[in-house]
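Okay, got some structures for you below.
Two complexes, one shared chain (subunit A), two partners (subunit B, subunit C).
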Partner chain A sequence: MKSDSSVDNRLLSAAGRQLIVFTVIALLAVAALMFALNWLAGLTSSTAGGSRTAVDFETNTITTYLRDEPPQMNSMIATDAVSGMILNHVMEGLLRYDQLGNLEGGVAERWEQNGSEITFWLREDSRWSDGQPVTAHDFVFAWRNAVSPAIGSQYAFILYPILNAEKINNSELPIDTLGVRALDDRTLLVTLETPIAYFDRMVAFVTFLPAREDFYTATNGRYGADADEMLYNGPYIMTSWVHGSSMRLERNPYYWDDNRGRIEVINFAHMTSDPNTLLNLFKDNQIVMADLGATMLEEAMLQGWQIQSFQEGTVFFIEFNHRDERLTRNLNLRKAFYLAQDSGELVNRVIKLPGYLPGESLFPGWLRGVEDSLRDEYPAPFYNRNITLAREHLRMALDELGLDQLPQMTLLTGDAPTARMQAEYYQEVFKRNLGIDVIIDAQIFRQRLEKMTSGEFDMVMAGWGPDYDDPLTFADLFSSWNLNNRGRYASDALDAQVRIAQSSLDTVERMNAFGEIQRLLYEDVVIIPNYERGYVYVTDPRLRGLIRRVIGAEIDFTYAWIEE
Partner chain B sequence: MTDQTLTSNQTVAGALPVRTLRPADFEALPPSAPTTGIVRPSRSYWQDAWARLKANRRAIVSLYIIIFLMLFTFVGPLVWRVDPALQDIDQISQGPLASRAAVLVEPFERWDGVSIDEGFGEGDGLRLAAQPTTQQVRLFWNAVASASSYSIYRNHYEPQTELILGLPIASITRDGINWYEDRLDLRARTYYYSVVALDDLGQRIGSPQTVDADVLRVITRDEVASRGLVDDPDALQIGDAVKLSLHPLGTDYLGRDMLARLMAGARVSLFIGLLAPLMFVAIGVLYGATAGFIGGKVDQAMMRFADFVVALPFLLFMILFQVVFGIGPGESGIVPMLIALVILSWPATSRLVRGQILQIREEAYVSAARLLGGSHQYLIWRHMIPNTLGVILVTLTFAVPAAIFTEAFLSFIGMGVAPPTASWGSMCNEGLKTMLTHPHELIFPALMISMTVLAFNLLGDGLRDALDAKMRNSV
Partner chain C sequence: MWSYTVKRILQGIITVWFIATATFLAMHNVPGDPLSSDRATNETIRANLEARYGLDKPLLEQYFVYMGNMMRGDFGISFTQQNREVNDIIREHFPVSATLGVLAVMFAALGGILMGALTALYRNRLPDYIIMFLVIMGISVPSFVFAALGQLSLVNLNAMMGFSVLPVAGWGTVSHMLLPALVLGLGTMAYLTRLMRSSMLEVISSDYVRTARAKGVPAARIFTRHQLRNAVMPVITVLGPAIASITTGGFVVELVFAVPGLGRYFVQAVQQLDYTVIMGTTVFYGAFLVFMVILVDLVYGWIDPRVRLK
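This part shows the complex of A and B:
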């Protein structure tokens, strides 16, 4: 017996020693591997990309990143934010926004609206990057192209206020009947379908940018596909575009406005949207700015960085499916969903990012009304969370629908981590407060859009960003004829108000219409407003004058400079 | 008897005269006297293996871990009765053993910017208008005459310079408003608030006004009632201390209890981890044994088919199965995962068993049994199965951690369970996002996966040694 137990003990200690040795070896090996990989990574990154620091005073260069590779740079068919951002740096339209977000002349020196006719007088010194002047014909060419059915631009609808644009886009009229004419090289006359009050604000949008016919034809359909397949008239020109990896902008020597383009070179050396990568790049002084996620705020405060936030202008909401066969057509059911949740809790507890605002309305807070903010003039009515009332509405809904219990409801959402997190939060909120089983359908963007269009959802977590600086960009979203009205909500009262807002030239009347639309959306519970999105970001303290915008380019370096 | 055998042998040889057998020769012998000198009692194969396994400390510890894991999975939820989907919004991303003390307060109501609680609002500059709580921090400050807007900042660290003030939590652009109510993700800690006045052009006017706030954790009566924190919520008075729900391992990014989620996740992991190996080992044994036993052309054909299955890419098939099974949105991908695992993993076992069977088939004792007229059934049950059982058992114990790992991997890349169901892999995936700030959300599920896989591997190792007949009596 004695010998047995000593053998046991010996074995035990031997096994223990072995385990410890293995653990130590494993840990050492992992550490060694990390160092080796780090060294290897250093080797490769030093060969790739030119500039290694965020700010280079000698060459007046800044280095930053692009969230994504832009699909292409043809302004007539561009739809995404990244292309829009770059185009704002390399091109200039008739009108543009200044540092404070006010509309000012770009290529156009002055403009005048007279009923349904608007005349733009172009400035003399606006030049293309090959030295030739920008003429009114370049705008006529670009706009005709943008509405031509052959190109099939998704943003053709934004030109619909122009005479015959919609008919041309539907192949009902020839392309040269478009209501835009070059009276001479420097005078452009635009004829509208009906007089509208907000056309000048639309003109600052990307789809209205010019393009020169001879160059466009010479590219043989590859216009905007590469750095040398484009002609520029903005403060910068694109000198290189390594697809999927980097892009380089340099100052345009022919540009007329000395206030813009003070930085010589903007080097987009990285194309990534991974917040952790961006944070590390910023930490290593490789990029001048980075957007932060909720988990990085602590680190940013610890490092003592200058943190900034801004409201990006997009509104997010849960949109119900109003199609006939869907249960969510029932008003009481929609009300029950609305009353069971609290957008403040979502923003303050789940999203946890400053800059986000709890959603109360389809109209975001930055929209201007008659004098002041639209939302101050027309406060948004909204339901406070009331679970007892929510359950009552659910009971009424079940009575009306003749059901004992609600079947599973589908909540369509995106595949981004934050979207899934929010969907999971709502899933539990509806389960806990209403006893409704919600299944989450997380899809990639394109798939989600397809399902939204075909109506394969009960509720969808959707968002809407502004195209131009007028409340109408939000207000007509739920008009019965709008294709982006994916829930197919249809109401004559709302349609009538949208028509007033579209056609009236009286600001007060239009704003009243928006207030009315806001009330209708609330009464009919067309959507559950979730939040207005914000961004928290850090910038290099040496970079000054960076502008982040709601309308147009989200990030604008054209007014920026660097300072020691 | 020896003599007789000898004799008959010799008879066959035909060298010696035949002795006539009498009936007496066929009578049973009297029981022999108890023999002495047997050193130790005879042990069966299994007793022997068990003894050797017991001597292997690593394997035994692993066995205990596995038993603990089973208890954790199946008995745990009966003891720790917390819904893994319940979101404790007041305790989001809480670390283990965090403080739970809270004070009962009135439900939240928006501040009008005017009312100031007693004992607050004294002094100058930025100040508090009420006790700062996790519900709200009410701030107001001296209006600056030429200001067109104010920016409010919040920091976790005391601001060292006037430029670095921390998080910009709000900017106030409306005229005549010089107060703000902060509700953003308030924790029971000290915050340093600053407010900066800005002119029309966005330039700063003067120095920032600052104040620090020690935030008190609070809860409302409704929340106490809905979480069932005390037996009689109505008896509580405003200002009473309440203990928030206990989360021994902390909570995740939506305030869900980590311990309950680990238990729920263990169920998924073990379901796949045990059922899939059982099924594919069974198929593999049947297939391999058939091929090995029949042999010849059939064997060749069967093994080439097995080779073909080995060559199929697992991940691709996993995706195809999800499509074929029409796994709709929000539905769990566990069943296709199980089927894919079974369909694609059996060839390894079948090869092993076939090799074993081929080897045993040629053994002398099997030939002897066959010559003596043993049926196929007898051969299989008496010789083949017992002699391959060790191999099968070892394969099984090694297949379990592999299957658990596969499940974790697939859930990690988002092909496994659908929310709100948890699995260790999906928990790791979620924990990864908050790794730097709340490491416990990643560490616990990762630890569970590592521990389980290691325990099964070490046990399999021990079993292989113990069941190896060639090492018999080595301990």
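This part shows the complex of A and C:
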């Protein structure tokens, strides 16, 4: 008689054998499925096509990534940095920035401002990617569209200095009354509402790029939606755009300037913003550059990579709510907050990324003044941390407000981990140094905007980036009429200085106004400057001549080349 | 059978309608809207934009317009990707997520069934302990950790081998799919292993297995016909929802491996309050989930004749 366990063992070994057979069959089935999928994927075609390494000398190709899928490529309605970056490669406006960031002629050979009239003379050899010449009419068409109410461009305001632009945008005048005329195919006359000194620097912005009417109309409202629904006049043309996954730029044979577009193909093989993924792709020699996060710096140094940093131009600050019903309307209270913190500590102990500069002013360090840097010519006054003084101001504030103790204050911020970390720093220092309880209100982007606009905060962590290369792009932020002034700060003195900066044609007078605005912001403690944001990135040593810009394309490959 | 099917489909349609209505209302009650941007828009620009997207109409009218369009299969145009139809976004990116999802479920199901059977057979012996330890890991460690670890190991492997064994990230060939699918399927695989183990244990000690043994049925036949086939039923039941949840929940893995799936659009749409994309993806995913559940119910009846569908 067999024991029970031997029956079990027999069953077990038989079952084990069966399982092995099943496993083999399953693996074969999976392999077959893989082949089927591979074939299917080939049919639908997805991404990462073309070369498999970061640099390919044979075909003069580089492979890199995009941080995000660009929403669309119609320059008249584009608003985001990624679209701006691509547009800088595939399009060219009247004016552009050279390798050093100075303004120079693009499609325009030369230009001349005479009071409120600016004339642009277009170069003969600027061509569209179908070989036809770029004419003054293409600019008239694009600019009229950009202010047309039917198009509804969010950046229409940037054209408001042009005669009638705002009224057209407001549906008060027909679009052909816009102050821009093609005198002939190669002469463009722009009439401004009032003479301003910085219009030429605005013209380098994407909203001022040209578009050809016949092509635009033929796309039936889909202009800029796909690679073949756009006409290019820049150093590159887009030959493929697989949404959400890849984009390919190839040299434009009709482009006039031999200094730009030395790399034959730029292959944006990935669209992701995950820093770890980017680092891994870079390590695997799949992309020529990658932005680094704070935790990756050590590894990058260990690997001996070429690490670079740059300030990308945006300034971050705590904006107070200056509305009547808010306690932060009290100057002494704002001063107490300012004196209790230290932007250097935030940058060096909390953010800990090279490239970041402690904030001292609304005006970032890269802005140009009369001859040199604006901040060198007009040093920013700022309060050093002084806790005793801070407490004194808090006491004065409480007296003025008739309070024994300050209620909880709200600090509005974004939902990104870094934003929360910074908010926690401020929560901690305000509690420790002033004994004030600060609640962090972390919101997703659109809800934060909504709360900022409706004033549901005491303090908000905000930032501002430039649209054009003039201090005014920052200076008018706190003018009483600016809709981006979400803390509703209002001061006649500051408004008067902004008006001078807007209307004066004299550089020294304008820069003095900016200096004065900087002083007023400091004296009235409108904001607490936090930092100027920086990027740390690694590049492949074989890639040369890559430019990262504050104004215009954030990443510029148009002057780059590859070399062993 | 037919009347049952029709009834289930009707229920499904009502469910989808409910999802659509609830999402529509919730979405419009969230503060903020898709037209706000960090560059404040003046009233003119704002009015132009609202008119373009029909947001200037009363909410009820917007609802009926939206539902009408949806019936005709038109989800509208994205707010953030201003020249793309939501239908195009779904059509271009869902197949990617679905491919990844199906592959992940394949891995999960095969691995889960085999390992589950193994643990039950070797109950309280070494293979059982090892696999159950891995299962606990699979359930408790979130997928982004596996994704990051997997990717890092791959980078090191590629560096060690001196050539690209598998691509680190991206999409396009089956070599791109392997690691993301495996990572995506791990959680489900662990869950299915546990399910299979308990269900197998129940079957092993059941009367009909003892009867079969007493009749002298060969061990291999007992295992396949009586044990495996019966034990696999609960696993199949959860497979349909698992396909749906894996396909819709692959956002993190898609992000890490730079896979152009629908997950990214789904999550970004919510963050950006992109009304049309939120509606489109939610209704689509909802319908997909409902469809998978119905499908599994029907297949269940086909596999197990004891389940009579009325």
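Everything below uses one rule, namely that the second predicted complex is superposed on the first by the 514 of 564 C-alpha atoms of A that agree within 3 Å, B and C clash if a C-alpha of one lies under 4 Å from a C-alpha of the other, contacts with A are read in each partner's own complex, and residues count from 1 in each chain.
Just so it is clear, contacts are C-beta pairs under 8 Å (C-beta built on N, C-alpha and C of every residue); 3 or more make two chains touch, one makes a residue touch a chain.
This structure is a prediction, so every number in the text was calculated from the model and none was measured.
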item	value
Per-residue contact with subunit A, leading partner among subunit C and subunit B	C
Partner chain(s) touched by A:L33 [first = subunit B, second = subunit C, both, neither]	second
Touched partner set for A:F157, first subunit B, second subunit C, both or neither	second
Touched partner set for A:T410, first subunit B, second subunit C, both or neither	first
Partner chain in contact with A:G115 - subunit B first, subunit C second, else both or neither	neither
First (subunit B), second (subunit C), both or neither touched by A:P174	neither
Which of subunit B and subunit C A:G224 touches, first, second, both or neither	second
Touched partner set for A:D376, first subunit B, second subunit C, both or neither	first
Touching partner for A:A15 - first (subunit B), second (subunit C), both, neither	both
Subunit B versus subunit C as contact partner of A:D441, first or second or both or neither	first
Contacts on subunit A seen with subunit B and repeated with subunit C across the two complexes	11-12, 15, 19
Of all residues in subunit B, those that touch subunit A in their complex	55-58, 85-87, 89, 92, 154-157, 160, 163-164, 166-170, 174, 183-186, 253-255, 328-331, 418-420, 433-434, 436-438
Complex interface listing, subunit C residues touching subunit A	30-34, 36-42, 44-45, 48-49, 51-52, 80-84, 88-89, 92-93, 95-96, 99, 103, 106-107, 110, 114, 117-118, 121-122, 148, 151-152, 154-155, 158-159, 164, 167-174, 176-178, 213, 218-220, 222-224, 227-228, 255-258, 260, 264-265, 270-273
Of all residues in subunit A, those that touch subunit C in their complex	7, 10-19, 22-23, 26, 30, 33-35, 37-38, 40-42, 44-49, 52, 65, 69, 71-72, 74, 77, 79, 149-157, 166, 169-171, 221-225, 242-245, 269-272, 274, 276-277, 280-281, 283-284, 286, 444-451, 453, 482-484, 486
Interfacial residue positions of subunit A with respect to subunit B in the complex	8, 11-12, 15, 19, 293, 295-302, 304-309, 344-345, 347-350, 352, 354-355, 373, 376, 410-412, 417, 420-421, 423-425, 427-429, 431-432, 439-443, 536, 541
